[in-house]
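Below are the structure tokens for one structure; questions will follow.
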Amino acid sequence: MFNIETVKQIKIAYIGGGSKGWARSLMSDLALDERMSGMVALYDLDFEAALQNEAIGNLSGNGKWRYEAVSSLKKALSGADVTVISILPGTLDHMETDVHLPEQFGIYQSVGDTVGPGGIIRGLRAAPMFADIACAIRDYAPDSWVMNYTNPMSVCTRMLYKVFPDIKAFGCCHEVFGTQKLLCEMVKERLGLNVKQREDIKVNVLGINHFTWVTEASFRHIDLVPVFQEFAAQYAETGYEPSGESWRDSVFHSAHRVAFHLFETYGAIPAAGDRHLAEFFPAFYLKDPEKWKFHLTSVGYRKQESLRRKKETDHMIKQKQGAALKASGEEGVNMIAALLGLGDLMTNVNLPNEGQAANLPMGAIVETNAYITRNRVQPIFSGTLPKRLEMLANRHISNQEAVAEAGFTQDDSLAFQAFINDPLITLDRADAERLFREMLSCNQIGAR
Amino acid sequence: MFNIETVKQIKIAYIGGGSKGWARSLMSDLALDERMSGMVALYDLDFEAALQNEAIGNLSGNGKWRYEAVSSLKKALSGADVTVISILPGTLDHMETDVHLPEQFGIYQSVGDTVGPGGIIRGLRAAPMFADIACAIRDYAPDSWVMNYTNPMSVCTRMLYKVFPDIKAFGCCHEVFGTQKLLCEMVKERLGLNVKQREDIKVNVLGINHFTWVTEASFRHIDLVPVFQEFAAQYAETGYEPSGESWRDSVFHSAHRVAFHLFETYGAIPAAGDRHLAEFFPAFYLKDPEKWKFHLTSVGYRKQESLRRKKETDHMIKQKQGAALKASGEEGVNMIAALLGLGDLMTNVNLPNEGQAANLPMGAIVETNAYITRNRVQPIFSGTLPKRLEMLANRHISNQEAVAEAGFTQDDSLAFQAFINDPLITLDRADAERLFREMLSCNQIGAR
Amino acid sequence: MFNIETVKQIKIAYIGGGSKGWARSLMSDLALDERMSGMVALYDLDFEAALQNEAIGNLSGNGKWRYEAVSSLKKALSGADVTVISILPGTLDHMETDVHLPEQFGIYQSVGDTVGPGGIIRGLRAAPMFADIACAIRDYAPDSWVMNYTNPMSVCTRMLYKVFPDIKAFGCCHEVFGTQKLLCEMVKERLGLNVKQREDIKVNVLGINHFTWVTEASFRHIDLVPVFQEFAAQYAETGYEPSGESWRDSVFHSAHRVAFHLFETYGAIPAAGDRHLAEFFPAFYLKDPEKWKFHLTSVGYRKQESLRRKKETDHMIKQKQGAALKASGEEGVNMIAALLGLGDLMTNVNLPNEGQAANLPMGAIVETNAYITRNRVQPIFSGTLPKRLEMLANRHISNQEAVAEAGFTQDDSLAFQAFINDPLITLDRADAERLFREMLSCNQIGAR
Amino acid sequence: MFNIETVKQIKIAYIGGGSKGWARSLMSDLALDERMSGMVALYDLDFEAALQNEAIGNLSGNGKWRYEAVSSLKKALSGADVTVISILPGTLDHMETDVHLPEQFGIYQSVGDTVGPGGIIRGLRAAPMFADIACAIRDYAPDSWVMNYTNPMSVCTRMLYKVFPDIKAFGCCHEVFGTQKLLCEMVKERLGLNVKQREDIKVNVLGINHFTWVTEASFRHIDLVPVFQEFAAQYAETGYEPSGESWRDSVFHSAHRVAFHLFETYGAIPAAGDRHLAEFFPAFYLKDPEKWKFHLTSVGYRKQESLRRKKETDHMIKQKQGAALKASGEEGVNMIAALLGLGDLMTNVNLPNEGQAANLPMGAIVETNAYITRNRVQPIFSGTLPKRLEMLANRHISNQEAVAEAGFTQDDSLAFQAFINDPLITLDRADAERLFREMLSCNQIGAR
């Protein structure tokens, strides 16, 4: 009568469905999952890219999933059980401005997509896009679960709730997984114990996206916070690089020196990569990335990489080759399965604060653990951030609230107040205003 | 170096350690558990009873756990990792007054330990006892996890937090398990599916103890709420009795007619036994228990049962016989293991409201699911109770807050306001006052 | 250039403008006021009555105010600076049901327009009317200040905010003035001091309409609470009747025995008439109004009075006679003047709770003092109601919230839950349901 | 029997009673007031200064008030009806460090007692002093009304509540009066109307001390916000200086250019002097005080002034001369009279936020209007600060909370986090740390 192990005929709407990164991971993870089947509607401003993904998707796996490029949000969303949002707000040219224009004023950024001048300008650009998406979800898929992967995470997710308060949306980010993996290595090194999977490291997660903190960590009955204290002290100067690896191997890598230094200063384990963490503080780490052993990822690199992927994609299409079927390590597919009732999850997500982050403002988008089961995503009460971190978190939250509002209402003067309230902006007023105006003038988007 | 599977040398303080019910279950469950070992300090006003349990405990299992009767709260608590509170506030004579004296005024109660005249008087009696216990925990075991099993659950747990706000206490109740079991039977009967264990029924729990509601329920991908709607309708008149069983088999049984009727009225699944549920409403079910197929459990029966257990205990002592080693179905030992880091749990507990019950007053003791892992009990955000239930829940919460305060400060006049605000008290003022005075006059406790 | 003493060309929209009571008081007070002039638009379902008031209004005073009956809410509201709502929700026949039908079940009411079965049914009737009015205000006069005089005050005012959250509405009630006057008499009698005007008695007001409490009272440097304690004790048995007066003089009078008894029980000064206060408690005072020296005001009396006023009105029209020019003692005109900037006021109003009543639910309509000045009505933080009163207030607030929602959404089943949660309903369920159904069946309103 | 016009035998405790400024104003205002008499206990670390004030006080006025220097907080507070706190936390040498040491790092301050490096270090110094005072009030005068005049206002008042949550304390500041006076002049100039007294200008006050904003202002029926808009625009470049006056006349004066510029930027009227306002923003106004026409008040000037007052005092003592009897324009004595029941006040005070500042954190010390009457100080609900100001206010509130906690617990590392979060600190980390350490090393206080 019932097959309680599987669910069929699921519809996933993928907004940003021309993506050459996340979309391929999803294809791969979906193909490998035994529990679900259905169709994925691919929507992208770049319809050609969506068509390519349609082709590649339909070549990936055993045919349980059908992929279809669609030409409107309405078509993508109608009937969707789950909506995935993973877009680039604007172009890499926009991102180049975000990241590199401030360098002319002595302001360096390692990522430039979350906070700092780059994150703020990107947020202003993304806000009206997410307002449009929220309207479409309200109109065409109000009961759909919505998973956002786009940065700036807090601003984008906030916009969804601002426009459609009943939306069932949450933001997903894998940075905490990296911290769990680091703790696994630490447990191996310092305690001589093998941890089977990162999920076995239990962490209490608390903060805002990319400024997330682990206030408690354990492996079985072992409290890992004092272990981390020793670990961080040991590698404070040299950084930690597992044998055979170097922080120079990739522009996304680091030696965790920023994290170790932050732990020493704030007493909680930072749960994001050094490149993200560094941007939340007044220029200090960012002034000397060599010393702190992390990279300022250039947009030039991203453009080059984009080109490479484009070629790879053309090649795949030509060769009628699907996505490589290997587990991505992302949790997206497990989250979808959990929402369908096929296996519970306890993991970190970004949601409006209902009290789960007790000393952060209600309504702000915060990152904590949540329990995911059939048709529910329920944050867990995660306590209070140490006062010294609360101060900084609140400053960034104020800014994110202002950016969401300013982007939505096109209020440049409010946006500027957020801009000069960012810790990276230590310019005098006239220079700050000049930088802001220049960045804004590059922030135009063609017809959407 | 580390054995990550087990934890040794745990100390459990058992307050009410002379218990012949819960204590024996704990002995049995501890003996069967492979993960932990240590000692249990048994404290009871009836020291002889604690000594008997010491003897029986030490005969139960394979010696991993040592039991010791102690003569003071200080001795019990010092060094405790976990504290279990499971006391009878007062005596069965007191309970006889709680339950049966109101009958002279036409007020009948099925349990009499939670709300109604009996629950209120019992709360007034228990409040100062729990104030004393909280003081002792603050002084001797402030870091201990405290599990309360005593009724009235909300009043007792509230007192612990009132006196020692930093206490790590939560209230445990198995009523929700019964609802999960009923849903298992329903799934079998209506869907033809076997559910391996009640934990596979996922429930969103929300309310106050014994007035708890399941607003969402699922088994794998199946939404069980519409299934329950049909199930409740089918058995609304006859009640549901699994083959070979009758609600008359035990004074604790019922045919769930009250639950079915409440579901029809309120649209959420009641998650407590009919005997408990009935007491929260103005006399309706309680006026005709035969019709609704549940029992008014008499204290005479409880006294008889107490005597039987006493004899059984004497016999066990004489025969040098330990507790029967069979799983109790309770979750206490799993909770302790989870708190030690030996396996996570998601289960229902009673905790001060920090937002997990969004439309109940902050600070009140509410029952929702919580995530239990090493050294953490974190409530999950469980949404809003339907308005028509919120109304009643708030009325009882007001009363419970008043009872805790009145019992603590010996404010009889405040207590009387709670008394006449209880839905079961529909007497006119003079009669209500007479009943209250008579009950109070029976509520004296010997020197503590 | 500026005349800073007066404001001209004010437009007042009067909804319920056919009124033969409040409307005439307003005419009189407006005529006597030197500071303002303008026009009053009279809107009433009974257009003839509005026309009569147009005639009478234009005969009242010195022509500073022009009165005009209008045929639609739109006409009344367009351009209004101030909107007064003072309607009878339904007819006196409806009110007859509200008050007297419950008598068949042994439930007596002294007013029947606030709580109790009568108040609840009236609230259900009024809710959709106020929803319509709120929509009209939103559409035609969103910036208008809105003064509501209609009962049930809390339900009606709540509806305005529910439908149009940005409305600038507040509820006005003169019951507190009566308490101030009683305190004036008390000061004269016990302290030998003359108080010039009731406003010289400073009171801290806290509660919900007709269940309002004065937690602090003073005259100059004298704390009046202990004085009231003695005063209440002195007249507890006999009641207080100023020389030459008797509580029997009017069906609206009392000897304050209920107030004195409540003060003794609850420790705060009740700030409403005995007839209103008695209805908030389980039948006790209402069972024996003779003993407690207050009246159950019959609707028969009201009908007779209505007839008398009707004749009086016809006579006035015939005689071309305006409203009697004597100060009504009401504060409406002073409130309007204050809102225009012509003189600040500190007085009690009904507003959504933003914290002014610290231990009542946020958003509920509460009564406290507020500061009224040009274009502002700002509640003052009035502290906490004693716990024993909070309990009762919360029970009624729960009911009022449910009645507003149920009336608005036509949810009879939710309405019934409020009905049986009312302290006056001590019937068994079947009888309660019968009474509720009968009352509902009489609650139909003709086409609106 | 009663004289309701006057109150006798009041005891005022004056902490900082050796003051040569505020204390003399109080003497004068008390002497001029007809309503009260009693004694003033003068307590000061500098007992000689208190003795001098005893002498001068007893020479001031008509003998209604007796002044007595006392040697302990206990003596000062015992039996006090009102407590005034007006101390210099530390010495002018400390203040010299606060203000001028940062100049070595390019950071200039106009006052240096509220925020910025000076305000933060002063707050750290004051916090333990106010903790001691709060303890003494709790022990010796728990029912006394406590008026704090000491800066940093928010930190000092916060400490009082932190240590003794039931304290009846509020902070008083006259900066808003200055804004009212400016509005009076504006009304005269632009509308040709004379305003009799500054209190006739009705203002809605909202913010934190010295960063307070008037969101609504009126004179009678005239909305003054649009008038201020024109006024500010007119004098934006030149500044506003009433005829015959120049901003250079005094180191405390300004031409309001900062206020005008802030109004243009933020849309609300700043309600503090330019010197205070400028310090809340990243260096912009402070970089060029000449241009903005306000002064950086040097501590050298303050020392010189202190010396002058010392000599003046010696002279007064020698000449047996009392304080000059002229009204100070301060509201302190009227506040005391209001608290005694001798005349209500509506004025701005600093109090923990209970919701009166709807979008600022609960519990933080905020400045809004409050209603003062016999034995009550009740804040009025004052709405929301515009988002762009809320951002900045929240950043300073975070800092103030941290400074209070850090000063109380001697947590220098937390203090440093506040320090680098201040908008005036745009130094790089190493310089910021060096400045902080140097300032801290100068912050020692002798034995208290």
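For clarity, chains are labelled A, B, C and D in written order, and residue numbers in each chain start from 1.
As a convention for this text, contacts are C-beta pairs under 8 Å (C-beta built on N, C-alpha and C of every residue); 3 or more make two chains touch, one makes a residue touch a chain.
By chain, UniProt protein names: A, B, C, D = Glycosidase.
This one's a predicted model, so the numbers in the text were calculated from it and none came from an experiment.
Among the remaining chains, not one touches subunit A and also subunit B.
Judged by shared residue numbers over all numbers used at their interface, subunit B and subunit C contact each other through mostly the same positions, with over half in common.
We define each chain's centre as the mean of its Cα atoms; on that basis subunit B and subunit C are separated by 46 Å. Averaging C-alpha coordinates per chain places the centre of subunit B 55 Å away from that of subunit D. Looking at subunit C, no residue sits in touch with two or more other chains. A list of each chain pair in contact follows: A-B, A-D, B-C, C-D.
Within the complex formed with subunit C, the residues of subunit B that make contact are 265, 282-284, 287, 361, 387-388, 390-392, 394-395, 398-399, 401-402, 405, 413-414, 417-418, 420-421, 426, 428-429.
Subunit B meets subunit A in the complex at residues 1-2, 4-5, 7, 191-193, 202, 204, 216, 218-223, 340-342, 344, 346, 354-356, 358, 369-371, 373-376, 378-383.
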